[in-house]
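Shared between the two complexes below is chain A, which has chain B as its partner in the first and chain C in the second.
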Partner chain A sequence: MTQQQQPATTGPGTTIPAPSVRQLTFQWAGGPAIPVLSVVIALLLGAVFVLLSGNDPVAAYAALVQGAFGTPYDLTETLVAAIPLVLTGLAVAIAFRTGLFNIGAQGQLLVGALAAGWAGAQFASWPGIVLMPTVIVFGVAGGAFYGGIVGFLKAVRGVNEVITTIMLNYTIVFVMHWLLQAGPMSAPNALGTPASTPIGAGARLPVIIPNELVLFSRLHAGIILAALAVVVFWFVLWRTPLGYRLRAVGLGAHAAAQAGIDPARHMVLVMAIAGGFAGLGGMIEVSGIFGRVYDGFSSSYGFDAIAVALLGKNSPLGIVFAALLFGAFVHGGAYMQSHAGISSNLVAIIQAFVLFVIAAEALVRSLTRRRGARKPVEAIA
Partner chain B sequence: MKRFLAFSVLAATIVASCATTGTPGASGTPAASGSATGAHPRIGLVTDVGGLNDKSFNSLADKGRKDAESQLIVTTSVTESKQQADYVPNLTKYAQDKYDLVIGVGFLMQNAIWKVAKQFPNVKFAIIDGAPQDDGGKTENLPNVANLFFKEQEAGYVVGVIAATMAKNKVGAATHNTVCSMGGIPIPPVDRYIAGYQDAVKTVSPTTKILNGYSNDFVDQQKGLEVGKSHIAQGCDILFQVAGGSGLGYIQAAKAAGVYAIGVDADQSSVAPGTVITSALKKVDVAVFQTIRSIRLDTFKAGDNSFNAANDGVGFGTLDKVVPADAKAAATQALADIKSGKITPKDTVQVKP
Partner chain C sequence: MTLEMLIGASVFAATLRLAAPIALAALGGVTTERSGVTNIALEGSMLVGCFFGVVAADRAHNVWIGLAIAILAGVLLAGLHAYAAIALRADQIVSGMALNILALGLTTYLDYQMYGTTGTPADLPVLPDVQLGFLKGVPYVGDAIGSQNLMVWTMGVLVVLLQLSLFRTVAGLRLRAVGEHPRAAETVGIDVRRIRYAAVLASGALAALGGAYLSLGVAHSFTDGMTGGRGFIGLAAMIFGRWTPVGALAASLIFGYGNALSTSLQGASIGDVKVPVQLLGTLPYILTILAVAGFVGRSRPPAADGLPYETEGHA
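Let's turn to the complex of A and B:
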């Protein structure tokens, strides 16, 4: 079972003598081919829009690349932008693997941020060695609780998770307005943007790039937490019995039930885990970037996450690459606007095309398949 | 093997084409910055999350930038912020590129300006509608930051005079003697507009009913539309929006119901002709232009800079033909009285939601 689970990552020829071309083609077609082609097609379609707006697409994309990776500072900023997307991407992906469509990463991230922000301010005087784990636990638990509600409703009443996640996204936005504008979490500060009381110094994720190396970098230790989360995602799904059961439910809840796996219980579990990932993402933004919770600080991390998970094919490495790509879009887009004079909304257009093309995967698949080649066998990966 | 080779060639081509796409940028940018390091001051403008097409605040700041580009000898560019986390890197990019002046549009950037301006003491900054604010939320004036403030209550007062006069005399569709306003988030600049508006209504027409609400958003039009519908259902027929992009939804609600709206910041008469009777102008473009000019003339002033009726920093916009002559005369008189100091509009909101 385990051998055939990683068709994309197993390199050619370990003990088996020289893999056939057909095998390689299958690996390419089943692995990175569709995401890569989707991005290429999306970029080409985006270029059409640049042309239509009377600009030069080559200059636009050059500025985009330059803006995202041009200097060490830009590189670190691209990473900073990618971190929350990795976590929300994992939140969407793990639910996908269990057959659930988690549109609620946005809400789960906000709950995680609020919980972490509350704990960070409440226990501000604690030393970092105690406070940091506390804040992490609060962030993860907050998100897990919010995701768990969705799983619970699905398991107990069969309520469609798409509906509940979308509704809960709205709920938390307004709860957040209340908490931060006039409610118990709002900072008493006459001139300020609605925000919570700053978290304690011990709850701040330190910047990991010294100023001598990259001046004013904001790249914080959250990247380590994100990397750990990716490993946990991989380990849980592919190296534990729980992960096996989750994937079994995802492939067919009825079949899984026949095999003695309780789908309902696993739906609650997976939504809690998904919420935990997103909540950690919220905690990282609060601890690593803002140092407090700003009202409406996250506009789209949870929604971009759907694109990230789809583009990453719900695989750990795929999500990392997709998040990096979207992080590059976010940070490079600003530079493209200021230096090539092209609206950074182009980035949103390209992202939309990426989604669109992935949704039309069947079409792309037919383009990648060579004459007569049989459809590669989909493994449980 | 042949196909494997073909595939490698394909891959190589893709990589090569990516590389060539990268080259123009790599060679183009140093050239661009090289030409600009001469005498021309370079000005960078960073919008807040409202974006350039809010037909209000950010678009006005951008107009000021463009006016400066065409009338003064300066080079300018603009960056839109997509989310709050973008403020610091967007401001930092311009500072790193050694721009002479970096302008942050909006109150929401107070902490970001503080962070970046402290790191780049040799770059001048300006922030519209705010002042640098440290991590604890305390205002700290910096020697390289100009804080551009407006007396919004003065603009709110003048349009309030128009609304009150029309409500009192039941002009056109304004039949319920009720006026209302909607802010985005209840932050001081928003509330100052509303305070002036309410002050004028209470002064000019004490019997007129006043409603007030917030969309809790500066972007989402739908939220503005919902608040607008609710206000209209309560009898309001003159709706004053103070919510950026979200306020456009408020205007849409007025248009759909056939009642009147008042625009904000920019002249919004073109948003819905016949619906928008006038606009409370906060001349962000004037402030941006003047600040860029101060760089040219070397008269840049750090700390608070006030834009008000007296220096033409606020006012009212195009009047629709439904606005009667007496309302227009009253508004003009009120503006003159504010200039001369005869009227001092209140700056705290009296009617809360």
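Let's turn to the complex of A and C:
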């Protein structure tokens, strides 16, 4: 990556026309048509699959919807499931915006969870007003550190981030085994699963739905943090010079370098920010749901996140919608299995179809007969 | 901790056993990436190999039919990837990721629908071990390789075959040319797409062999997600082995050895300190990162690896 220092004759933001409100809200290239179509195609393929395996697709999907939205409680559970997907989705999307493929949201989330869980237990006696921010900082910093490694290796040694993130995802799984089974974070418990010491009361995110409204709801204040994160994502990318530079690197590293933007530095930065989002997601799971870190507590958020980001076209609102959809899949899937007798893994199959259809975007475009309007898949390259 | 735990014949035997599926996936990785197509769906090909191998072996009461169907399943999954990557010029990482999720969802779904909670049948026909009677009684060697599974030997043969064909035959030269500089290859009349299709399909077959070995040769059953990332370790071995079959085997053996140690050192201690066996699991991944970053040698992928190719004139 060559760096040519040239004086910036124009300040960031002055060279491009101000985006319209619609653009700012969606930032969804070509509108939501393609993502929606992808989901429809995936659902149809899923239905064919259910049919082939000798079950009733209508019953399956009815149970899925019933399970996800049937009662106020289910609705809140769908939201609970969507929260980590929003955060990891942001982690993948902001990297995409800078031209990097972050497969590592999974690992970054786990490091954030471990860091937050450690701090929450270590300083358990602190009052909430001090402890909560501390735990948040640890979660974000843990994820940022883990993501930063990826950016650093990419910037300094030119290592493909796909390789690094895959390797780091697995690395942390084994580090986690060690930490929780035999290492410094392992705590004796009767749970059957290795786990850390419970975090202090002040580190727990409170449930925000009173029992009078929805009995035993688990919907916690993490949803507020997630919403804030979405706003931060939007604000940083489209309302700050840093975001402008990040997007410039994503659209063309060489051109950005010509304009005096150091791509290497911004790759490190964006991976740290991405890791921070995912780490916050891990912190929220520990503080809002589990109250401690369980060994292997999250197996697939990070991979679902890639589907979330791609389906949401790396836009703030798109990510929220996609995360809600997948959250509904996750929570509704369990109900579908228990009530319609169809394995909840149908949901994974549908998700896979969604991703595959998005990957094969050319196919969808030819179906929508808009070949003339073919655009480069800017985010993926 | 004893020396036996570190270099005993049983550790050596376990190393081979654990390295074989990784090496088979790595061979698949070498084949596809040398042709210029990244295929992270090897994990998925492996997993469908595990599952459909068991289903077919169970239904047909014949392990060889199981093996054949396992390979077919792996090839089919790889075929989807090939179509997406080569014909549709889709993003290869996204496609591979999608197929991994598909493989996991599909096998887990079908496992639930077909075998419920009872698990796969206990009378499953299995891949045989090769008993080398003449080695019986030979110290160390007899215990180490006297009774290894057929697939371990198959893997060894495939490494040699692939190494030779990749670097000593015209077909191998063409494959590598397509992966390094597809335009130049096409200019001299090589059909880039055909070679890439063949390579990706072959990679699915190789990974599925590794999968069939896991379910039909080692576990004698199928459990959900039983590949546990071995396809990805295979990719790591491919990278650490610098995209050559022999190198990939060497890397797989190192990773397999680390794996074997984490079992043999279970509960062992040095002085008063317990050996953190769990951390041995990180070995493949950290070594690979160091290798790619150039701290341990320098590992360089084929020049056109992962890049879609458009035939001249099809702008």
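Quick note on the criterion: the second predicted complex is superposed on the first by the 335 of 381 C-alpha atoms of A that agree within 3 Å, B and C clash if a C-alpha of one lies under 4 Å from a C-alpha of the other, contacts with A are read in each partner's own complex, and residues count from 1 in each chain.
Quick note on the criterion: contacts are C-beta pairs under 8 Å (C-beta built on N, C-alpha and C of every residue); 3 or more make two chains touch, one makes a residue touch a chain.
Quick caveat: nothing in here was measured; it's all calculated off a predicted structure.
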Clash or fit: how do chain B and chain C relate after the overlay on chain A? clash
In the overlaid three-chain picture, which partner chain does A:Ala195 touch, first (chain B) or second (chain C), both, or neither? first
Output check: A:Arg157 vs chain B and chain C. Expected answer is one of first, second, both, neither. What do you get? second
Partner chain(s) touched by A:Ser343 [first = chain B, second = chain C, both, neither]: both
Looking at A:Ala359, would you say it contacts chain B, chain C, both, or neither? Reply first, second, both or neither. second
In the overlay, answer first, second, both or neither for which of chain B and chain C A:His177 touches. both
So, A:Met167: does it touch chain B (first), chain C (second), both, or neither? second
Given the options 9-17, 63-71 or 189-197, the segment of chain C that clashes with chain B spans residues 9-17
In the superposed arrangement, what residues of chain A touch both chain B and chain C? 174, 177, 181, 337, 343, 345
Which chain B residues qualify as touching chain A in the complex? 1, 3-4, 7, 14, 21-26, 28-29, 32, 44, 49, 51-52, 77-86, 88-90, 92-94, 96, 107-108, 110-111, 119, 130-131, 133, 135-139, 185-188, 216-217
Which bits of chain C are touching chain A when the two form their complex? 40, 80, 84, 88-91, 93-95, 97-102, 104-106, 108-110, 112-113, 229, 232-233, 235-236, 239, 274, 276, 278-282, 284-286, 288-289, 292-294, 301
Within their complex, state which residues of chain A touch chain B. 21, 24-25, 28, 40, 58-59, 61-63, 65-66, 70-71, 73, 77, 80-81, 174, 177, 181, 187, 189-195, 198, 215-216, 218, 285, 289-292, 294-300, 330-331, 333-335, 337-339, 341, 343-345
Complex interface listing, chain A residues touching chain C: 53-55, 101, 103, 153, 157, 159-160, 162-164, 166-168, 170-171, 173-175, 177-178, 181-183, 303, 306-307, 310, 337, 342-343, 345-349, 351-356, 358-363, 377, 380
